[in-house]
Amino acid sequence: MQVATGQYRVASTIVKVQTEGREDLYNLSQTIRDFVKSSGVRDGIVMVSSLHTTCAILINEWQEALVHDVKAYLAGLISKDDYYRHNDPAWSDCDRHNADSHLRSLMLGMNLTLQVADGDVVLGEFQSVIVAELDGPRERTIRLQVMGI
Amino acid sequence: MQVATGQYRVASTIVKVQTEGREDLYNLSQTIRDFVKSSGVRDGIVMVSSLHTTCAILINEWQEALVHDVKAYLAGLISKDDYYRHNDPAWSDCDRHNADSHLRSLMLGMNLTLQVADGDVVLGEFQSVIVAELDGPRERTIRLQVMGI
Amino acid sequence: MQVATGQYRVASTIVKVQTEGREDLYNLSQTIRDFVKSSGVRDGIVMVSSLHTTCAILINEWQEALVHDVKAYLAGLISKDDYYRHNDPAWSDCDRHNADSHLRSLMLGMNLTLQVADGDVVLGEFQSVIVAELDGPRERTIRLQVMGI
């Protein structure tokens, strides 16, 4: 077991992501790593939070063939054309017809917490942190916050 | 980048939620905000944890039409009437026949971590924190813990 | 509300898990409890992170009948034999044909954060922390990090 102590600090920043297409994946790993390194926090956690209800955060390998598969999987995960009250003007004032995007996003999750050690984000060799657009194209706001010593 | 330092503190509380129906959604956002504000923590994280295996925590927009859609989606996510050993008296002493509730809960997750900044929970304009009952009605125990400076 | 303050500390360790079968579940609760107790952290959080893209971390009841049901459910969650570019030598140099394992893992999540209080992990009576192998058998690396006071 490794143990460290010190002065607790919190640093945060906002990242804007311009997505393309209704489904889109964006690799945020390097942005997160750069932010953590510049924060001065060596041991703790970093949180990656989508401030939306139709845009998720996930981890996967960033391989071109697999990115294609993940997009195709997410596009078909939940039927877009089933009846939803959220898409029905009699029940809802939302004109985006995006109930399926809400459902996909809540299944995937909009917040991710990662370990920070030795001044860097702890990720496996094949792990990338990915913003998953599920109702684009839009400009998305992702908030990063690193906390520790 | 914004940076803050100070004396680390941890505050916790228990919230009881009485659910109705087998599936039910309960908006916990205001309860969490009030707890964080009263804790004195200005920058850090707050955790929202369901202490159950058939009751999940998720984020979504709290719109009446969409709440209806989410309940309907969760009710049909996993077949209740398929054969499960957990529902079979020959294999299991559980008489709730709720294997589907366990499966739905593990897909959604029972813990949520959120950023805290400037003394408030960081949530997007349309994000609400929701307790998702998947085997009610019951009284559920949710534990909140805020940590930071 | 309970409040505690003190000297922030971070402790971490690596756990190796040898899995059997393509799908496998491994109960990590006692390992995590022992780690937290030995760390000296009384109030804070503990993170459980799979450093892989085809091995997830989840919470469920550890009952033999239900463990069987969860394994069967995960085995069938996503079609293994559909066409995926990740499994096609024309598009991918991965020879594991495990696109379905990637998709299942990103749906379940590879990181779990839990509350720590009074020197122990906060888990409900029926909650166990489970490593879910989705492309085994393999030796898997799980990193634990506890943070707090």
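In order of appearance the chains are A, B and C, and numbering begins at 1 in each one.
One rule holds in what follows: a contact is a pair of C-beta atoms (placed from the backbone, for glycine too) under 8 Å apart; a residue touches a chain by one contact, two chains touch by 3 or more.
Note that the structure is predicted; figures quoted are calculated from it, not measured.
*Asks:* So chain A and chain C: same face meeting same face, with over half the numbers shared, or different?
*Replies:* different
*Asks:* When the CA atoms of chain A are placed over those of chain B, what is the turn angle between 0 and 180 degrees, to the nearest 5?
*Replies:* 120
*Asks:* Distance from the CA centroid of chain A to that of chain C, rounded to the nearest Å?
*Replies:* Comparing mean C-alpha positions, chain C is 19 Å from chain A.
*Asks:* Specify, in ascending order, the residues of chain C that touch 2 or more different other chains.
*Replies:* Residues 8, 45, 107, 109, 113.
*Asks:* So in the complex, which bits of chain B are touching chain A?
*Replies:* So the residues of chain B in touch with chain A come to 1-6, 8, 43-45, 58-61, 63-66, 68-70, 73, 107-109, 112-115, 117, 122-127, 148-149.
*Asks:* Chain A touches which residues of chain C in the complex?
*Replies:* 7-13, 35, 38-40, 45, 47, 49-53, 78, 84-86, 88, 91-92, 94, 99, 102-103, 105-107, 109-111, 113, 141, 143, 145, 147
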